[in-house]
Each structure stands twice: as structure tokens, then as C-alpha cells.
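One chain, chain A, appears in both complexes that follow, with chain B as partner in the first and chain C in the second.
Let's turn to the complex of A and B:
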């Protein structure tokens, strides 16, 4: 039971980090970067490749993180900025970011081949025995990193001027730019943070998955589902969606059957779309809305 | 001349049909390799056309078309295999199934936003893919062959070739007829208004959510039909129906030109023959493919047809068609106000009693407002910024619903009716800053105002040019819209001009024309003078007086008190969400509190 919960939270944190990577980018630019999963894959495969070339583990990890961050920014300049420049409200970035995802995936498949690459075991070899459950140090590190990511994000957003300006841009970039906010810098920053978070998720999950070019698809879709479950409007909500998805998927695997995690996330996301289309942790959450609907006689809603 | 034109368009149609049949005959007798290129491309044409109907015309980026396509293809294959149903019986079954799934997806996600629609349909395609790959029923990733399409009898086959090619051709033809008919129909401007100017569409009686869901269901049905034809052609496996296929379809639409007649067809042909022409290493081909997605969106957002259009427009404007006509007032014969609703409700056109409203509980925006508008008067509504004028107008027009109080319009209680159902009660409104459809002419924009007067416009739009009654309606709409434009002083030379090319004043007048074209009995104008020049203000005043002569009741919100007191019979004054006074203009003007809170004296 505890094992299921802890394993679920660990996997969920990975999904949550990918979902946060989506959400941070969306928060500032209102764009869903569909190549986010591929950034995770890039960090895993680069680490694997660099370590195989003889670099120490820590250096491989460092370079891989920098690479996924930089690639995030490159995606912004190549696939997003020109599209938004043509029409700020167009959805054409759906096509261009998915196109970039295909390019990255196919390029890495050419370089590394479609087979799996070994990933440094690192902290994953060290088990930690708890009463009723066993985790590895890597998994504990994952939980800590996940918690730090959410805390750090919320602190910066609420307590610093940078964060508050970010909120203003998120609400209305045009008005924010009239009082001197550099919207482009924030967009670059968002894509960098998104790339970094996705890369981080890759490093953390690498020892379990090993490296292969199609991981981006798998984890990109899981992260995206976590995003839909939690709610796209707030990165912290996205992490929450990841945790829910992780715990319930592992639970489904243990209690329903080994194949359940193949289809279970989709059932879950369908339920969420039906019952709370804005996401479980969205600011105008479904519970509050239900309450409001009941008291609509005294409040009045939009017709 | 019109008869000659129609004759010419008939001749063109016949020529096109003959050419299409000849091409089909050629394909049906061609060798197998060429046939597979042609049929796959033809299926892409159907899918791209159906996708453009949602993505281009109503602005909903569907990533679900691969999944809907799969419903058609796998549905046909599996039902034929397991239930041994006739393939022609399966056609309506899979079309309806895909359309229902589309309607469900649309209804679920459009509650939230257009972006959620894209994301939900994306997830839908992934779910379909995962289901197909993991189920033993569908033979998993390995895939399965489709049913056999019945051959022509031997002697017919000698003349016409392979029967399935004719089936594919029929599917293409049906799709083209439906999509092009909608583009030619009077419904088309309405659809663009749903895409670009939703409040405007709703104010003109269009149930925009229903229209979006309906169009997506139609598009989904067409995608299902494409799947039906596809099932006879190739061995099916889940890989053909993944999200990449969805994006691929969007790329076809964009590369050819969104929301154009030929664009999706051109795009489908280009992308369809790409893998047959470019034969390289499959991984490298994928890189090129992905790069094409990005390049198309970044460098050719308008697509090929859009680019051609742009060049044509540039050349035309360079050749000098610089019309600098100024809107001039032309006296028009007073048309009899024919609205049936005018006879109801007696002398009171509109009354609001005890209206209370708040956006957030505990913060009332309007408190206990009473307002009575006498029939056939011009009624001014004034108040300082934030006094609740626009909220009151939104309550009257149905964009918002009051928390308390009742609104009676021509004798009917309307406060619980939605905005799109109020035009039927004789109420039309305009918005403070007009948002109309920039790529339509001002005449087409005006016809949207007649939406609620044309019966079954949506249902008839799929075969519009074939229906004599629809052609009559089209003519009637253009005539009425033209007359309305002339009645606000916009003469014929303006009517064909695209809205994006007209000055702000003309845009405002176009909005006014579309709000009076359906002969409403009550007209609500939200700051009609915003951004108008002095001459244009006089012009609008004249229009209002002419409307009053016709028996129309006009409610005007305005900041220019001079305009209000010079032109209104009655005036209602609001301040901080409360009624200050309401009554004949002269009395209101003399009211001490009005002078204090509003006139600043």
C-alpha cells in the first residue's frame, strides 16, 4: 500500500515535472509546446551518449540539462515566435511545435538508432528501506526535486517582482508591455525553464527507462495528460495532476492488472474532461462552480 | 446579364463534372501503382476539405481527424468482418458514428475554449491509436485487411475499370459539393462571424456553440466517410491513424491555404504525393517531414492560395481602384415597420423592473433599476464611467442574466432568454467597438443581421446552390442588406469593399445597418458615436430620427450629453449602479442630482 503510494508519487513527480514544463510555457505565452516530451528524451540520450564517450556522470548530466534548456529556447525562436508574430491569436503553433517534435525525435533516432541505450545507474543503485516500502535514493531525490520545483515556482511568482511582472504578462501581454515588461524576455525565460524542467525529469527517470528516441512521445503524452488532469492555467496545478496520474496509474497496475497503465490514464483524463474540464486544481474549480450553480439565484452567471 | 452569368456557371459546372468523370475513368483503368497514389491522395483531399471546414471556416483546430478517420476505416472493416454487413449499409453507419463522436467531443471541450478543443481532440486521437494498437479485436499493431468492395459485372468493368475507384470518386465529389455549397451559401458569412465575431453573431441570433458543434459533427462525418472509402484500398494498421496523421492533415490545409476553396485540395495533393516523389531513408524522410511542418507554418501561414490572393489584391490596388468615397446621407423612403412584435406590448416597448445584478457575490453592480422605454421614442441611457450602463445593456440583450428583477420586451418576459433568442422577439443591438468579420465585404457582414429571418439556413447550406428557394433567399438577403446599407448612407460603391479596408466610421455604420436590416422593433445602440467624426455624428443622429419615424424604438448609450439631450425623447441616468432619474429629456436635464453627478455642475 505504502509502496504503491510512494512509487506512484515518484512516477507522478516525473509526469508532474513534464506537465509543469508545459504549464510554465503556457503560463507566459499561451502556447502549448508539444515538443516538451522530446526535450526530456534529449536530456536522457545526451547523458547516455556523453557518458559512453567517457565523460564523468555529473558532467554528462550537466551538459544534457544545458542542452535541453537551450533547445527549449531554440524551439521558441524557430517554431513559436514567428507564428505569434504573424497572428498572436492563431493556433498554428500546434503544427510547428509538433513538427519540431518530429524533427528532434527523428534526428535522435538517426544519431543513436532506435534501440535502447544504457543510462548511468548513479543513485538508483542505492536502496533505502522504509517500514513497508523500499525506495532508491534516486526516487527520493525525485520527490525532493518535485517539491522544490513547485515551491520555488510559487515563491518566485508570488514574492518577487519578476514573478509579479510574469503574472501581469500572463494576464495580458499587451498591457504589460505598455508599462515596460519585456514580453520576449519572459517568453524566452519560460521556454528555458520549460526545457530545464523537462530535462530534469529526464535525468531523474533515466536510470529506470534507459535512453531511446521514442521516450519523448511516451512521457510527452503522459505529461500532457497530467496537465489536462491538473489544469493548464497554473504550473503548480499541473504538478498536482502529475501526482494524481502517477499514484492512480501505479494503483491501477497493482490492483487491476499489469497492462492497466496503458489505458488507465486515458480513462482518467476522459473523466476529468467530463467532470472538471478546466482541470482538478483549476482556479475556478468544479466544486466551487457546483456551489455557485446552486446559488445562481443570488449570484447570477453569464448567460 | 444575371441569366447569362448563371448560364456560364452552369456550363462551367458541367465541364468540371465531365472532366472529373474522365479523370476517374482514367484512374479506374490505370495500373495498380498509379491507382494507389491517386486513391490515397483523393482520401487526403476529402480529409483536408473536411478539416478546413472546422479549422478554416469556424477556426477550430481539430487534431482529432485522424481518430475520426480511424472510426470510419476500422468501423467499416470490423463490422464487415464480424457482422458481415453490406458495405453500402456500412457507409451511413460509420458516417453517423463519426459524426456522433465529433458532436460529443465538441460539446465536451467547447464548454471551455477553442484551445481545449484542440487539446481534447489531440487526446482523442491518441486514445483511438492506443485502443487500436492494444486490442486483439483490431489485431493490434499488426493491423488487418479491409473488406472487398464489390466489383462491377464483367462487361461493365471492361468499360469503367475498377469499381472502388468510382466509390472513392463519389466520396470526393460528395465532399466537394457539401463544402463548396456551404462556402457559397448565406450561412458562410454567419460561420465566419462565429469564428471572428462571436458577440456580434450571438446578438444577431446565432447560437454559436450549437453551430460550432454542428459543423464539427459534419466535418467528423465526412472524415468517417473518407475512412469508409480508405478501408477498401489498403491494409490498415494503427500507424496510419496516429496524431502525426492529424498534424499532417492540418499541414495540408495550411500549405494550400486555409479557408479557401482550392487550398485544401492543393495541399492534400502536394503532401499526398510527397512520399511517392521523395524516396529517401525513412528516418531522414521523417526529419524532412517535420521540418516541412515548421517551414509551412512559419513562412507560408497563408498558404499557396492565400499568397496568390495577396498578390492579386496588391496588383489590383496598384492598378488604382482608390475609392475615397465618403458616406453621404441619402433620404430613403420610409419603409413600413413590419415586425409582428410591434403590435404587442402596447405603448411600452421595453420595461425593466427592479433589476439587480452582480458579477461577484456581495459586490452589486446594479441595484433596483427601473426603466421604461416608450414605443417609438429615442431613449438615452447615460451615466459616468462604471455606472453600469453596459451591464444594463447586456442584461437587456441577454449577454447576462439578472439576479433580480424582470425585463419585458414587447409584452414578453425575456430576462431568462439567451442572447441569440432575443432577435426573434424584435430586439437587436450594436456593440461599443464593433468587431465584424474583416475578410467579408460590408454587404456580407450586413446579411448576418438577417440570420434569424431565414428558415433552416444551416440545414439547407450543404446543398445551397442546388436549391431554387436558397438562391431566392440569397438574392433577398443581398437586396435587403443593400437597402439597409443605403439607408445608413453607404452607397453601392461601398458594398463590395472588404471590411478590413474601410475606415472606422464605415465599420460602425455597417454594424448599424446589420442591426436594422431585420426590421427590429427595439434597437439598442451601445456608444454608436465612439470614434466618429463630427460630420458622422450628425449623420448618425439623422439615421436615428429616421428610424423613429419608422416606428422603431431606439435605446442609445452615449457619453456625449449634448447628443443625448438634443436627440432623445426620454433619458435614464445611472450613477454607481443606481437609478438617478428617468423621464422626458427636458425634465431630466433640469434635475438637480443629474447636474450634480453627471454634468458636474
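Let's turn to the complex of A and C:
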């Protein structure tokens, strides 16, 4: 039971980091970067490739993280900015980010081939025995990184002028710009953070998945489902969606059947979309209204 | 007259619009230093479009818009925001989910390194609107319409601009709130701010402003001193505003 929960949270943190990568970009630009999963794949394959060339693990990881961050920014300038400049309200980014996802995937398939690449096992070889469950150091690191990502994001958003200006840009970029906000700089920053978070998720999950060019699809879809569950409006909620998805997927595997996590997330997201179209953590959605109505009823009953 | 040096804003031959269609045509007007000028006009005349052209939000624009001697046509909004112009937008558009004080501080973004000046500006907003200070910790969009309008004016003041632009600040306000608004605008005027006020309410414009321009179908069709406009002129303007 505890093992299922902890394993679920670990997997969920990976989904959550990818979902956050989607959400941070959406928060600032209102664009969904469908190449987010590919950024995770890039960091895994680059680490694998660089380490195979003889670089130390830490250097491979560092270069891979920088690469996914920079690639995020490149995606903004190549696939997003030009189409938004043409028409700020068009949905052309949907096609252009999907297109660049295919290009990245094909490029890495050509370079690395379709076969699995070994990823440095590193911290994943060290088990930590807890009463009732066993995790690896890598998994514990994953949980810590996920918590830090959410805490860091919320701290900057609420407590700093940079974060408050980001919030203003998120809700009204036009008026924010008339008070000096450089909306383009924030968009670049958002794609960089998105690339970094996706890359981070890749480094953390690499020892389990190993490297192959099609990981982007798998984790891109899972991350997007987590985003739908948590709600696209707030990056912290996206992480929440990841945790829910992770725990329920692992639980489905252990209690329903070995392959249940293949279809279970889709059923889950369908339910969420029906009950709370804006995500479980969005304010004013039907789930919350349901609870609120219940509680006000009980209060009324007592009076 | 437009070449006198002491103008905060000089607009000449300004045309512009959306998606290749011009909605304002060859507009010329000016706002003297310390002067309050009203731009009147019916719905859809292009008043907000003129303000968008001045703040840089309108990309498709031709002609010259000179603020403090700088032609801002070709500049983006975040450049123009550096002390040249600030606006109370139509419908207030306060930053959602943020406190009154955060809204004000965001208005003063460009001066963030000058703490003393920011604090001084904040105090002057609070002196002008005590109710804003009382509610400074509340979420801005939870205030009443009149209170929100004061926050929007305060946010504009915080950037300490050469030119203050207000887009129909009276819209949707109760009579009592409008009286407060008029007092506030008069106080801004006494501080020698240069003001361009867009209004549909002629009475407010005449009470607050030195001069008025009337905009109709994207063109300036009339102008005059507020003091010269008698009841007759007023009826004429009212007819324009339809």
C-alpha cells in the first residue's frame, strides 16, 4: 500500500514536471507547446550519448539540461513567435509546435537509431529501505526536486515583483505592457523554464526508461493528461494533476491488472473533463461547487 | 499653435486601425503642459483607438505622435511606458488576483529601483484616495466599481508619466462615485498634470477640462475651449454624441 503510494508519487512527479513545463509556457503565452515531451527525450538521449562518448555523468547531465532549456527557447523563436506575430489569436502554434516535435523526434531517431540507449544508472542503484516500502535515492531525489519546483514557482510568483509582473502578463499582457512589462522577455523566459523542467524530468526518469527517440510521445501525452487533470491555468496545479495521475496509474496496475495504466489515465481524464472541465484544482469548477454546496447545506441544516 | 514648445502631446496626421482597415483618419490635436483636454465622441468613433495609438498598443498607425518632444510612432508600449504616457484603460482592467497595493506597485514598475520616489508616489495616491489606502491589502477586483476606478487612476499615477490618458473613467459608475471621480480629476489637474480624457459624458468633460475635441467616425469634427461652450454648443455636442 505504502509502496504503491510512494511509487505513484514518484512517477507522478515526473508527469507533474512535464505538466508544469506545459503550464508555465501556457501561463505566460497562452500557447501549448506540443514539443514538451520531446524536450524530455532530448535530455535523456543527450545524456546517454555524451556519457557513452566518455564524459562524466554529471557533465552529461549538465549539458543535456542546458540543451533542453536552449531548445525550448529555440522552439519559441522558430515555431511560436512567427505565427503569433502574424496573428496573435490564431491557433497556428498548434500545428507548428507539433511539427517541430516531429522534426526533433526524427532528428534524434536518425542520430541514435530506434534502439534503447543505456542511461547512467547513477543514484538509481542505491536502495533506501523504509518501513513498508523501498525506494531508490534517485526516486527520493525526484520527490524532492518536484517539491522544490512547486515551492520555488509559487514563491517567485507570489513574493517577488518579477512574479507579480508575470501574473499581470498572464492575465492582461496588453495592459501589463503599457506599464513597462517586456512581454517577449517573459515569453522567452517561460519557454526556457519549460525546457528546463522537461529536461529535469528526463534526467530523473532516465535510469528507468533508458533512452529512445519515442519517449517524447509517451511522456508528452502523460504530461498533457496530468495537465488536464490538474488544470492548465496554474503550474502548481499541474504538478498536483501529475501526482494524482501517477498514484492512480500505479494503483490501477497493482489492483486492476498489469496493463491497466495504458488505458486508465484516459478514463480518468474523461471523468475529470466531465466533472471539472477546468481541472481538479481550478477555482469555480463543478467539483468545488459540489463540495461548497454540500458544506453550505450542512451549515444551513444546523442553523 | 501646435509648434509651441510647451506641449506635452502633439498629434499630427495620425491614421490607423486594425487589420489594414483604418478607423481613425488624419487626426491632429494637442495637449499643452499642465492642460486637461477632453476627447468626446459617440460609441465607435475611434476614441479608444486614438489612445491605443498613443500608448503603442495599436500597431497599424501612421503620422506623428510627439510626447515631450519624442515621436512615439514606431515605439512599443513598454518603451512609451518609460515616463512618457500611462493610461487608465476602458473598463479599468486591474490586474486580477492581485492586491490593491500590488496593482499600484506594478503601475510604478519603471521606477522600481528608485524606492524613495515609489514610496512618495504611493503616498500621494493614498493621500488623494484614502479609501484606496484603507483597502490596500484587498484583492483589487473585489472592490466596487468606483473604488476600482480610483485604483486604476492610482496605478497610472504611480508611473509618474508626462501624459495621463483616461478612457471613459465614468463608465458604469453610480452618481456618487462620479462626483468623487470629478473631484479626483480636478485634483490631478491642480497638480499640473497633462491630461487627455476620453468621455461620452459632456458634463464631466466640461467640468474638468480646459479644451475639448469632438471625434466622429474617426475624424476630429470640432474643437473649442470649455469656457466658450454655452448651452447652445452643448446641445450641438450632445447631438453629435447622439
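A few remarks follow.
Note that the second predicted complex is superposed on the first by the 285 of 303 C-alpha atoms of A that agree within 3 Å, B and C clash if a C-alpha of one lies under 4 Å from a C-alpha of the other, contacts with A are read in each partner's own complex, and residues count from 1 in each chain.
We take it that a contact is a pair of C-beta atoms (placed from the backbone, for glycine too) under 8 Å apart; a residue touches a chain by one contact, two chains touch by 3 or more.
Note that the structure is a prediction, hence the values are computed from the model and not measured.
Steric overlap between chain B and chain C is present once the structures are superposed on chain A.
In the superposition on chain A, A:172 makes contact with chain C only, while chain B stays out of contact range. Once the two complexes are overlaid on the shared chain, A:79 sits against chain B while remaining clear of chain C. By the touch criterion defined above, A:225 reaches chain B but does not reach chain C.
In the superposition on chain A, contact of A:273 is made with chain B only, not with chain C. Set against each other, chain B and chain C differ in how many residues of chain A they touch, and the higher count belongs to B.
Contact with chain C, but none with chain B, is seen for A:180 once the two complexes are overlaid on the shared chain. Shared-chain residue A:161: touches chain C; no touch with chain B.
In the three-chain superposition, chain B clashes with chain C only at 38-46, the remaining stretches of 38-46, 74-82, 92-100 or 110-118 being clear. No residue of chain A lies in contact with both chain B in one complex and chain C in the other. The residues of chain C lying in touch with chain A in their complex are 55-57, 76-78, 80-82, 86-87, 89, 93, 95-98, 102, 105-107, 109-110, 112, 155, 159. Of all residues in chain A, only 30, 32, 78-79, 82-83, 86-87, 90-96, 98-107, 109-110, 221, 224-225, 228, 232, 259, 262-263, 266, 269-270, 273-274, 277-278, 295, 297-303 touch chain B in the complex they form.
Considering their complex, residues 161, 164-165, 167-168, 171-172, 174-183 of chain A touch chain C. The touching residues of chain B, counted against chain A in their complex, run 61, 63, 108-109, 111-112, 114-116, 118-120, 122-123, 126-127, 130-131, 134, 243-244, 247, 250-251, 254, 283-284, 286-287, 289-294, 296-299, 301, 357-359, 361, 398-403, 418-419.
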